[in-house]
Structures are given as C-alpha cells and as structure tokens.
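Next up: some structures, all given as structure tokens.
There are two complexes below, and they share subunit A, which is joined by subunit B in the first and by subunit C in the second.
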Partner chain A sequence: MSALGGGSSGGDGINPTASVIAIVILLVAVGIVYVMYPAALFPLIGVIIGGALIAFGVHFVPVGGAPAAMGQAPGIATGVAMLAAGAGLAGLFGGAWAAHYGLWVALGAGAIGGALLMAITCLMVNVVYVYAMGIPAASGKVEKDPITGDTFPEYKSSGTEGHGLPFISYVGGVIGGLFGGFGGTLIYMEFLAVYEAGLPTVLMATPEEVVPIAVGLAGIFAVGLFLVNAVITAYNITGTIEGPHDPKFKRWPRAVIGAACASAVCGMFAILLVVV
Partner chain B sequence: MSVKIEASEGGMPHDKMLGIGLIGALLCLYLTYLNNLMGTDFFAFFGGLAAVAALWWGTDSIKKLCSYGIGTGVPSAGMIALGSGVIAMVFATKLAHISPLLVPIGCVIIAAIIGVVLGFVSDNVLNMNIPVMLRMLTELTVVGSLVMLGFTAMVSGTFTFEGLITGSSSFMGVEMISYGPSVVGGCVLATIFILGGIAIQHPFNACLGPDESWDRTQMCATECGFLSMIGIAVMSLAFLSLAAVIVSLIIAVLGWAWSFNELIKLSKRDAYDWLDAEPIREVGGDS
Partner chain C sequence: MEELLFGIGISALAGALATIAGAAEDTESDIGSQGDPNSQVQLAPQMGYVHRIYNKAISGEPPAYGLWVALAAGIAWALMAIQFNAVLALVLGSAVAVFVQGVYAVTAYLGRTSSLAKFEQPVYIDLLKSVTSVTMAHAFIAIFTCVTMCFLMIEALGHPFPLPLMGLIWGIALGAAGSATGNPFYGKERQYQKYKFGAGLPISASGDIVRYAEAGQRSSLDNGWFTSKGGGPASGICFGLIVFFELWRTILFEPVANGWGAIIAGVIIILVFMILDRYVESWARKTYGPYPTEEASS
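For the complex of A and B:
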C-alpha cells in the first residue's frame, strides 16, 4: 500500500534487455570473486540461490498492507518489509542456532523457523479478523479457494477487494516462510563458511578466536541481504499480494532475476572483505 | 507508469541538500579521525553528527522516491538503504589497510556502486518505470552506509576494521585484547543497524500527507537522528572512556532537546489546533 495513495506501477511483462544486463552483472560479480578468491565461488553461488529463494518465497506471503488493516483487502495487515523481516529473521535465528549441527540441519531449522512464524502470524491474524473485526475470509481475486473449494463472492463486501485471510493465503504464507527461512539461512551459512575459513589467515589468529567476528559479520550481512531481497520483491508486487492464487504471482521470474543480481553484487563485496 | 504526487512545495532544492548532507557527513567523519591522530576518544561524537547530516539529506531522498506511488510504504526504502549500506560500510572499513583516510570516501563510492545496481534492478528489471528510482536508491544506499559508518565511528571512536573487531575485556584485573567484546564480535552492528533504520524510516512516514511541510519533515529527521545518537552514546560506554561518553551524551541530548523543541513549534504552527490532551475537535464542529 502506498502511503501516499499513488497509482501502483509495474506491468506484468519481463523487460528482456534489462534482464540480460542484470544476468551479465551477476556473471561479472561471480567472475570477479572467482578471480580474486576462487575458494568463495560456491559460497557466492549459494548466496545468489538464497537471495532468489527469498524473492520467490515472498511472492507466496499474503501481504495486505494498510487496506488489509481496514478490512478492505485480504492478507496480513502490514508491509512486505516487516513481514518478510519477521519470517526471515525467525528462520535465521532458528538456522543460526542449529548451525553447528551441519548445513542441512541448519537449513531445515531455518525453513521450519520461518514457516512456524508465518503459521502463527496467519492464525492470529485470522483470529483478530474473525473475532475482533467481525469479518469473514473472502478473496476478491478468485471465485473459489483452489484448495478447499469454498466460494468467496457471497461473503465479499461490496466496495472491497475481499477481506480476511482465506485458506489458500494461509498455505501461501507458510510456504513463503519455508522458502524465506531456507534462503536466509543459506546466505548466513555460506557467509559463515567464508569468514571462518578466510579470516584466520587475514587476522593471523586461530579459528576459535575469529568465531565471534565470523558470526557477527555473517549475521548482519544475512539480515541486510534478506531485507534487500525482500524489498526488491515488494517493489515487484507493488506492495500487496494475496498469495499464490493472485495474478501478481506470475511476476515472480523478474523478481528472481533482480534479486539474484542484487545478491551477487552485495555478496561479492561481502566476500571480498576477506581479500582486501 | 506511475502517477507523481508532489509531497510538499518549497523548501531547499534537493541537489543543494545532497551537497550539504554528503559534504557535512564526510567532514564530520574525517573529524572523527582526530581520535587516531591525537590519541584520544573525545571526537567520537562527530560520527553521530555525520549520521545526523546524512539522515537529514536521506529523508528528502525518501520523500522524492515515495512521492511516486511505489506501493510498498515508506519504511521499505529505509530497510533497503540500511541493508545494502551495511555491506558497503563494512567493506569500506577494510580499506583502512591501505589508508584510513580512504574509508569515508570509499564507503560513499562502494555504496554508490551497490545502489546503482539496486536502482537498475528496481527500475528496469522489475519494470517500475519511476524516473527518480535509480538516483534515489543510489542516494539512499549512500545515506544508509554513511549513517552506519557515522554511528559505528561514534560507538567505537574509530572506523578502521581492526578497531571494530578488537575489544578489550578485563579479567582478574588484567586487560585482555580479544575479538569477542568488539563492535562486530558483540553484534553491536545489529543495534546500530536498527537505530539508523528507525531514524531514516520514521520522519517522512510520520509527516507525510496533504499538509506536509519541508521544514517540519526535516526537523523531524534531525530529531530522530539525535534520538538515535543518544542510544549510540549510551552504547559507546562499552568501548570509550567515561569522559568521552559523557561528551557524546551531552551533545546528543542537547541536540535532541533543541530539535524536539523546534519540531513541536513547527507542529503547532502547522496544526489546525493544539489541544494538549483534549478530545480532537472536528473542523467546523460546534464543540
């Protein structure tokens, strides 16, 4: 929701020239890392995949914005930046806690952490909508819920785009949390691996001594990259989306390209920190 | 193509604000370096002033960007600014190996490179087609990195990578140098991140609307900057001498008190009525 109520922008199509340029920028960033610090090539690719997963995952999350808070649009009544940060950070904390159990356990813990936060948020949002605001869940974008088959038009108030949080949006939110938590934790784990391997030689210290710095840097960079990717996705969906059934969901390819490009450039600087 | 809505008329031209904010922030950051030259830590507060200067400029950049309907609300612009700014800022501190004087200017250049990519992605790849998107996202990334660098310099008294990762703790009366109790190792960066984030998101978000006026929004930005500076001054107790912390705290509190007072004056000027905790009257009502 635009705070100033301006017309929403962004068409559905992909801009081929810009997408090619973005992929070239991505490849250049990967190439620079390969030349300067070959050991970090695969971690950088991991960071790019993590960024793309975050961008893809945010498309599932039912973001309602300010209209949802007034019961005029379906979704969770806040913006992408807050919602994605919540799910991503919950996932990141879960993953970071499990980091010493190995990569895949950490990634699983991160995904479950993000999904759990979204599940609780969606549940409580619907409790507030139904029992406090007194509005039923109805989507304005589709006639029927694709999963349960519930029909919406008879419950939708006229003059609104729908309201509440239909079951498909709930499922979308949990899937989005899974992807977001997984992607965020992947970024964290890759940065952590780079710093734990690279910082001891740079600082001439033992691997045990650099752990606080490696964790601190990987954590803050993972948070930063998560927010960058979430906001890029927010721009792609122009602020609000109902979930996987929303027509805006079809825009995901360009957000994935954009987020991969942004993650590559940010990840390149974060990794080259070890070299400079 | 989005519809442009002018947020407010009048005020200083944006280019002039860019110049004042950028040069002011860089100047204050270089003044922080006096700490290293003179072997003291009393000049740490200049870092906070650098952040305030950057925030003052960044608020106008956010206003220019959000006057086009970007659809995501104002805070998202602040989050992308800080999220990318922190990467540029930590990378720039590493340039202190070559020369510490490279850090502030390197921070601006690296942030601008990241910002151009983010702006290009948002504007062209995502088909936003907002004319100022590229420029404003670049500016915001620079602002985000300068705010981070300024507050980091204030909390630790230095902006070199070595200074940020080493801290001293006393164990049984013996001073020990280690990586744990430092700005990076103690994750103080995360708190700085969100204090800067609040300060850059809030001013325009709070003041926007049909009666938004330039000087009130900018005063709100100054007030938010000084408010975050108070928090940073308290946090710097862990890294600086008590006397330096008190100097920082006094400057932050004085700056905040002045700007808050001015903000209230401007709010009273722009308000329809000032009621001091009475029910709000309707315009044209008979209450």
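For the complex of A and C:
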C-alpha cells in the first residue's frame, strides 16, 4: 500500500522473454558498431556499463515524491529521475573537469561530485524536517535502522507511513550519488575518447581544433543517456523508494538489464551519428 | 599563489550566487506551487475545497530549471559569440528565458485550473495578473544568478563545457536541490498549517489545504512570504554549499597527488556531512521523544 492509497504496481521478478529480447537488442547494437566502426567497440561497452551503474545507483536514492512533501512518507520530496539526474550531472561536471588527469581520476571526481550533492541535499532535508517542522526521521518499511539500530514505529506520527530521512536512507542517497556520478562520467569519457579520435577525419581538422566540439557532443550525449537510464529506473521503481532497505530495491536486476539495452542502442546512435 | 586565491575567490562568489539562486528558485516554485505540493493544490477542489492558490506545475522543478537556465545560457552564449558585452548578454538571455517561464506559468495555470471546472473551481484572472509577474521576478533572479555562476565556472575557472550545456546541468541540479529541500516546508508546514506542528500530515487529511488568511482568502503571495523565511533560505544554503564545496575542493586540492587530492577532500567533506546528519537525527529523537500512543493521549 502506498501513501497515495494505491497498491504498488510492478512485480519484483524478471520477465525471461523480455530480458532475452533486451539482451538480443543489446548484442545487435554492439554488433552494428563493431561492423561499422570497430574502434568504438570497447567505448560502447563502457557506455553500457555506465548506464547499468546509473540504473543500479538510482535504486539507492531515497525518493518520497509528493507524499514526502506532506510528511506522509519518508524520503526526499521530489521525483526519482529528477534527483538522480541532479546528482549524476553534478558528478559529470566534476568528472569532465578532471578529465585531463586520466580516466580513473575523472571517474573518482565524478563519483564524489554526485555523492557530495546527495550528502548536502540529504542533510538539508533532515535539517528542514527536524528544525523547521519538528518531525523526527522514521522509516515506514523497516522497524529498525540496519546501520544505527534506531527503532522507528514509536517515532512515526499517526496516519503516516513515516517521514524524513533515517540514516540508512542518507547512506543510500550518498551511495546512489556515487554510482550515478561514476556511471555518468564513464559514459562521458568513453564518448569523448571516440569523438576525439574520430572527428579529425570527419571534419578534416586538427585534433586540437575538434576538442571543443568533442567535449560539447560528449557532454550532451552523456546528459541524454543519464536521463534515459534514470527514467527507465524510475519506471522500475514505480513511485517512491526509501533506499537499500526498501523491498523495491530487489527489483534492480530488471532495471539494469533495461538500462544496458537502452544504453547500447542510444550509445550506438551517439557514436555512429558523429563519427560515421 | 595568486591563481589559487583567485580560484578560491571565484568559488566563494559562485557559492554566493548559488545561494541566491537556490533561495529564489524555491520561493518561485512555492508561489507557483510547482513542486510536489502542487498535488494538494490540484486535489483540494476535488475534495470540495475551492481555493485561490496558483498552480503552474507543468513539470518537475529540475527539468523546468534545466530548460530555463539552458535557454538563458544558450542565448547569452550566442550573443557573446557576436561580441556582445558578457553582462548584457547574460541579462538578455535571462530575460528571454523568463518570458518563456511566464508563458509556461500562464498556460499551466489556465490548463490545470480549467480542468477542475466540474469541481466548481474558478479560473481567477486577477490571480493570473498578480501572481504570474511575481513568479517571473523570482525566476529571473534564480536564472540570472545560476547562469552567471555557470559563466564564471567556464571563464574564470576554465571548465571545458560550453555555456548552454553547463546551464542545463546546473539548472537541473538547482531544481533538484530546491525541490528536495524546500518542498516539505511548503507542502506540510504552509499548506497544512492548521494541523499539529511536529507531525506528518495524516494521509486521510490530503486535500484539506489552508484556504483563508488573516483577512480574506489566502493567496500564493502569502505562501511566498512564508516560505521565503524557511524553505527558501534552506534551499539556498543547500545549493550554495553544493556549488562552493564542489569548486573549493577542486581548486584547492586537485594539484595534490595528481588529481586524487580533490577526491580525498571530497570523501572527508562527505563524512563530515554524514556525521552532522547523524547528529541532527539523534538530536531530534532525544529532544522530541517518541509520539504518544492513542491510549496514552486519551
């Protein structure tokens, strides 16, 4: 039963037929790239891994949607895709800035950028709940916080499913930001590598001249792919989720398969449109 | 050394701009009921509570601000490309984006409110005239400060992204921070002010929003006045801290250990915020105590 009175739709299991179809589509996209532009094969695999990490990470982010805005349900009072995109794109900003230090530093900077946004946002959410609204944090899905051992039923106000951000949700938000920032930056770095290698031939320009175009294109396609994966995951979550302790968290394999398939197809177009 | 001090100064300036942007963004969205509490504004007439609250929610705050800031940044970028003065270009870009915001606000209010006609909810033309311009004014502040901050990140700090892409990214982050922090204060604390302080809203009370003010009916301007004292500044602090710490740790620590210094500094900052959060959570449990059970209160 959700805070809005409806049952939570969508099961937890994986549909085998749909999963096989998704994997076939993924393999076809990878095959097309291999045939048409073999140099982009490994970058495309990186894009797929990045998309899957984003989908996995979004499941950690505690999102309460509209019920959280009235203190009727725990989590952050905004949409799943919205918040995940905010964190992941802040990570992408940091990752792109550190790109000249190499792949691993950029990925680390991206992950920490996303986690930092979530750490500050989650803290301010609790500050508003506690100091401006006088409401303590309480989960509606578990009796006890798995990290701190705090009990929740007695701190849940009457007629609600809980409110605020318990510590497990806070940690979930930070982990979600880490995965989102890492995945988004990985996608950006892979696109950037492909464009920097391929654009000089396409545009008949020097490698230095194509850098601004490559950075802009890689950035906009990374943002686009981030939104695709965040929205697919939001559909998998169906509404709200409290974090890693929420029963809905178990649905992540389904979203990872869907996101990997979508990332493969979108990545294929993003690569072939520019360099072929 | 000079370069480092310049970078820290720009980080502080960008953080200050972000703080103003966050506060203006949340107040703008509360006046227009753009965040999640719009569900209650839309629900109220269906439960028999006709009201004079503005409702311009056509999308979530993050994509809306992503669009507006990217639009302002794109226009400013194009104007600068034809040798316009940067300040003038940023102002003109923000002004055009605000007109788009105004069109969205008007069409969203008319569309959403007229869809409630069968519940006898009127469309108030005077409301449209008085509130739209106020949301536009707040939106201008939010968009201009955010796009100026993006401009500083590129021109002064050397970020490689083009201005429109930077506007899209930070516009989405601005909306995410503002809606996450400010929505509960507007949704629970203002819309349901008549319910007990210190408790969440019972689900059965949904739709029963406060519709009357000290004199006459409550308007969305009253809501902006209220949230500008709580949710707005909190959203501003949230977005300001995000921008400041993101820039500060990079400027100061990136040269350390070939880029890893900024990452380690980020981890330490996150741990500090985590400890602060745990303190806030424990303080609330200890200070407020558990809710009385029904037997205890009767």
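In this text, the second predicted complex is superposed on the first by the 265 of 276 C-alpha atoms of A that agree within 3 Å, B and C clash if a C-alpha of one lies under 4 Å from a C-alpha of the other, contacts with A are read in each partner's own complex, and residues count from 1 in each chain.
Quick note on the criterion: contacts are C-beta pairs under 8 Å (C-beta built on N, C-alpha and C of every residue); 3 or more make two chains touch, one makes a residue touch a chain.
Please read these numbers as outputs of a predicted model, since none were measured by experiment.
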Partners on subunit A (subunit B, subunit C) - clash or fit: clash
Subunit B versus subunit C as contact partner of A:Gly113, first or second or both or neither: second
Subunit B versus subunit C as contact partner of A:Val223, first or second or both or neither: both
Partner chain in contact with A:Val61 - subunit B first, subunit C second, else both or neither: neither
Which superposed partner A:Pro212 touches (first subunit B, second subunit C, both, neither): both
Touching partner for A:Ala77 - first (subunit B), second (subunit C), both, neither: second
Which superposed partner A:Ile168 touches (first subunit B, second subunit C, both, neither): neither
Partner chain(s) touched by A:Ile187 [first = subunit B, second = subunit C, both, neither]: neither
First, second, both or neither for A:Leu273, with subunit B first and subunit C second: first
Contacts of A:Val142 with subunit B and subunit C, given as first, second, both or neither: neither
Segment of subunit B intruding into subunit C (one of 55-63, 109-117, 163-171 or 271-279): 271-279
Overlap of subunit C and subunit B interfaces on subunit A (superposed complexes): 3-5, 65-66, 79, 82, 85, 212, 215-216, 219-220, 223
Subunit B - residues contacting subunit A, complex: 1-5, 7, 66-77, 79-80, 82-88, 90-91, 94-95, 97, 110, 113-114, 117-118, 120-122, 124-130, 165, 178-180, 182, 184-187, 189-190, 193, 205, 208
Complex interface listing, subunit C residues touching subunit A: 35-37, 39-40, 60-63, 159-162, 165-166, 168-170, 172-173, 175-177, 179-189, 191-192, 197-206, 230-231, 234-235, 237-238, 241-242, 245-246, 250, 254, 258-260, 262-263, 266-267, 269-270, 273-274, 276-278, 280-281, 283-285, 288, 290-291, 293-294
Residues of subunit A touching subunit B in the complex: 1-11, 13-15, 17-19, 21-22, 25, 65-66, 79-82, 85, 203, 205, 209-210, 212-213, 215-217, 219-221, 223-228, 230-232, 234-240, 254-255, 257-259, 261-262, 265-266, 269-270, 272-273, 276
Residue ranges of subunit A touching subunit C (in the complex, touch as defined): 3-5, 65-72, 76-79, 82-83, 85-87, 89-90, 92-94, 96-99, 101-102, 105, 108-109, 112-113, 115-117, 119-137, 148, 150, 154-167, 170-171, 174, 211-212, 215-216, 219-220, 223
